[in-house]
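Note that chain A is present in both complexes that follow, paired respectively with chain B and with chain C.
Showing the complex of A and B:
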């Protein structure tokens, strides 16, 4: 009895002393971390299942389940039918059936790292993917690099994910704030002219700073002035005390560098304060939301009408890949997919395809197959996973809140598909070093 | 000057919400001696009364139009709200006014929730230490918000104000400013007036009714009131229900200002506790005064001119003021001697 108690005590002490990024299980024993031995290969879907982004996480999970179904030969095949790479045959990957485990990021870096670690160590996940926050993505990407597994980022828009915090084992399909700025700039100039004064309200964390910097850079190049850039606490709820100073500031554009619940609240309140209908210096006041999410736009209701922003993908696109994905997803779930669902579905397919082409699950082999990979048919036009920073380059959508929505899903309209060439930038511009791949051996 | 006036107005509507929540917290603490961390959840439940009412009256008749297809190939659904098809323009008007009309639903609902909460759980903790009361009510708040999330989802749900109250009111013209300089959203001014009315009604109820007189006597000396043969426990249960109604009504009317989600109660709870402490534990006028005072100070601290001198002050001003007031007046602005001092 005493011996058992002592053993339990030792176990607890050991667990307490284990640093969070140290991998101790059988994960390290093979040629590379979690090398699959049996007839299955396990993927780890790390999405927010609780917390403010739970609805977005649920849509990511739906997309992952659909992707696994298609990779294993189920359903109608979705975008596998339009994907230019024909390596996947609908019989799994490298002869193994794909299975998955899930984790809850809670949109908290610590929780996300803990769930990713659990999936790698306990469940034998060969790859981690998902998430709805740049803070989470950067934290999990670092963990995956240390663990020797590939990380296929979900919804993360900060420049830092494939900029100063990039890692060799990490790959991002989603666009970033630099690309949003480059896409939105010319559209804003056409819509509002080049003599504008912009007032920024910015979420006070890595993504907000990144977004504010990019929009300021591109709008100031157009000739706009920045009247003020005010940082707001994350999750402030009521932003009215930050909006009232805008009223008589002389600014005629309000840029809301907010996402999710903050975006819903700040936009709703800005419209309440009459900013959408206001006139300043003889010009119509304008509101810009640089990063739109259809799921979040639904939360802001009619307040999104006429408001410009950018998005990674939208279900109304008419290319063959988008139509195939919307058909698959809509038939299975009864509503159209969000951009989060699209990007996570693509990431699952791209990873599986890279493994198949590489003929291995070894991270360095898979990474080499992904880096510099050019493809089409996944809904964003011709796309490249740039080797220098593992950032996908593709067309970016500029959207506007729809004036006359036909359904609760039909809240945004695509006003311009900005070509990839216009949003490309040198890899060295955002800093950081990829470093070497880590196979975990 | 116009910027200052705008921030005062902003502080007043925000302060209205703080005051209403703090008022309920103080009533419960003053009567039952319970530190109720589930009070923010009552505010959130009130907001979701508005959401539920709107969902109920917006129930739609769905017909499939085989001539039109969705993007995924199924027949397009044509939706029409039952109340609009049954009552025509009156139905449309009801949907438009769903937020104020849902006050009628919120009153009995919140009364029942309040009574159920008090009888079913909180009464078992009257004689327990405050730390245990805080733990159990905080746990209850988490349970309630997770239930709401599982039913309504995690995303905010927009609740527009009636069309007539969506515009702006040129408040400045009435007090001598140039037109267009001090304009303020009509619904926020309505919310301020509403909060003043509710505060007035609660004070009048406690001051001018025999029920209120007994409650006030019970707050002052519970044992003596009991010795007079009055069932003070039953009255305090009703008081808990009234406090729930006050929080719930505050939540209903706040929905056009802040699209409700499951977490909105927690956002207000901590600030409301600071309001109660600053106002003075157990002091109803103190809670109301502190609510408006801290609302206004929070708004002023967010002005760019202030933040240029004291960066980040907007995020700490309420706690800073709380520290200063408690250092100068340890019982808060209007705190009574002996409350939480044993």
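Showing the complex of A and C:
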């Protein structure tokens, strides 16, 4: 009796002990991290749901859900219909239905990495995407490189993401501060002349430093002076102590290197302090917000009128891709998408398309399909994923706060579309090394 | 219950070790059986045990312990960058630097007691945070966090002929990779050692002296005894625990960020200790596990998961249930934690350990048919 029970127990244990997959799959190909086995493939959407960038994060999540719906064949297909690559057929990716898990980055590197690790280790996510802060994006990109999954960067604008801190497994669709500077320079010269003195207020982290550097570089080329560049903590809330000194500094342009709620707060306070009504050195005082988004402009309300900035995408664009995206996003959620929503939607689509074209989810295979990929129909005109640094190159929009908005979403107008050639730079300029792809275990 | 204290401690230690080492299997059903969260359980368990040596024994409520955690992390990452990717030098240095930092802050802060002490430690921690965030950026890399580079010197690794090639290195114990489950077992062994050490401190004459400081410091002073060295020693020991925990955080994930030192992180360890039961040995570990579980699992629930969870209800009820419960999960996990904390503080002032002891006593009474044995509910004697 004892013997029989023991034998049965052994049998059960034996049946449970399935051999590790790396020996069962084809001999020429070892497994890779979270290789999808069933009928579904899991993506991890890691966005800020709390903190200074929570509004952007919420919009990113909406866009991801919409993208998954479209990839799985639901809804009206959105930009899949205008995308030049026709690999995706609306039946998932590589025959697998796309499912997703979500997490809160809290706009903190630690929390973002913990959340991404949970997605990779527990939920089996094959790709992580999201982030509304460059600090977080860089931290999570490093993690994904170590873990052997692809990272599709969301809204991250610092040069370092695809510069100094670039990684082979990381890809960015969004533009960067170098491109913003190159696009804004000529427009600022036309609007304000070449004899200005600028005062920078800068969010004190990688993105702020990067943008301050780029704007300084291009405005000083125009002949502008930089009076001072003051660093403010991320999520400070009250910027009055930083704005008061601007009044007496002799500067006649205030550059706000802030984003999200920080920008809403600092711009509102700058306007309340009467900066825009002032005359300094015989010129009207001006404010520039180098990185603009419709969400922020809406948050700052009246105060954004006439203020210049750059943006990755705007919902009022009239190309077929943008119109298709605005239509399907608007139908589902009742308002137009932000640039954060646009870039994350594109990233999800580009990733799925690359997997489909590569016929695998293996990071090195997907990476090879993405690197050097040229496409159109996603709202930015002809775009290229440059192989040397995994950065997308496309036209940049220079925008201005609209003087006479027709609705609460119609707050920005496109001043100029700066062609890609004007914002392009050699990959070696920003340093860093991609290194090899990591497929993980 | 009638066992000698030494025997009881030994049994508790053995059970504790067994539970910790079996954690990957035990926590699987509740969705926590994955390496990253298990590592966090162990590491924050160490952090909370150390905090409890100060708060639970001497009653000094420090609101700045996250500073030592952060210092430990930075030390460990710098050790990785400069010396070696082996975790042993990293955690030894992290512990020592954490202790040294605690000695300086403790020496100044312990001149005051009660709320003034708390405020002083809070101020020091906020200072450290701001230094790490914006002043000492060459050392800490500010908000982005200190990360490894391919070009780091790593002199010891080079001396032993260890080359990581073109990829970014990750910490390994003589070839055993410190991410994933090996990383967890490394932390788990350290946790068990720390638990054992805390147990010895609790039972030692030194621990008795610390309890005396808590119960009536004035009286101790009137008897001619200088209590400050004892309090300072407790402060330094708990700072070393925090430094060690910070070092382990960097071992399992080689990145150190300033937000680890923020006052919310200091508050978190206070919550962990009180939630689990201040002054008890096991309580802080339980509290740490509970808070980390909430932070990682509850915050990940989204509407899709809730919809699936309430699938058995009719559709209108399902939507209503999801609408109500979604307030408490996802980004609302703080709300759940807050409610739980309130319930525990009001109904179980001794924390989870009091709840467990009451339960054990209740079962004992039922099982023993109302035997006259006195239940061990006093938190001081609880394992």
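Note that in this section the second predicted complex is superposed on the first by the 411 of 441 C-alpha atoms of A that agree within 3 Å, B and C clash if a C-alpha of one lies under 4 Å from a C-alpha of the other, contacts with A are read in each partner's own complex, and residues count from 1 in each chain.
By our rule, a residue touches a chain if its C-beta (ideal position, glycine included) is under 8 Å from a C-beta of that chain, and two chains touch if they have at least 3 such contacts.
Keep in mind it's a predicted model, so treat the numbers as computed, not measured.
When the two complexes are overlaid on chain A, chain B and chain C sit side by side with no clash. Looking at the shared chain after the overlay, A:387 reaches neither chain B nor chain C. With both structures placed on the common chain, the touch criterion links A:433 to chain C but leaves chain B unconnected.
Using the contact criterion defined above for the overlaid structures, shared-chain residue A:191 touches neither chain B nor chain C, since it reaches no partner. In the superposition on chain A, A:261 contacts chain B only, with no contact to chain C. Using the contact criterion defined above for the overlaid structures, shared-chain residue A:135 touches chain C, although it does not reach chain B. With both structures placed on the common chain, the touch criterion links A:233 to chain B and to chain C.
In the superposition on chain A, contact is made by A:53 with chain B only, not with chain C. When the two structures are aligned on the shared chain, A:414 is found in touch with neither chain B nor chain C. In the superposed model, A:245 makes contact with chain B only, not with chain C. The minimum CA-CA separation between chain B and chain C in the overlaid arrangement is 5 Å, rounded to the whole angstrom. Common to the chain B and chain C interfaces on chain A are residues 50, 233. Those residues of chain C whose C-beta lies close enough to touch chain A in the complex are 31, 34-37, 40, 133-134, 142-145, 147, 150, 166-168, 170, 179-180, 253, 255, 257, 259-260, 295-296, 299-300, 302, 330-331.
Chain A meets chain B in the complex at residues 50-55, 228, 230, 233, 235, 237-238, 240-242, 244-245, 247-248, 261, 264-265, 268-269, 272-274, 295-296, 298-303, 315-316, 323, 326-331, 336, 407. Interface residues of chain B facing chain A in the complex, by the touch rule stated above, are 2-3, 6-7, 9-11, 13-14, 70-74, 77, 149, 153-158, 160, 166-168, 181, 183-185, 187-188, 256-259, 261, 263-264, 267-268, 298-299, 302-304, 307, 314-315. Contacts from chain A toward chain C in the complex involve residues 49-50, 101-104, 108-111, 113-115, 117-118, 121-122, 134-135, 138-139, 142-143, 145-147, 160, 165, 204-206, 231, 233-234, 433, 435-436, 438.
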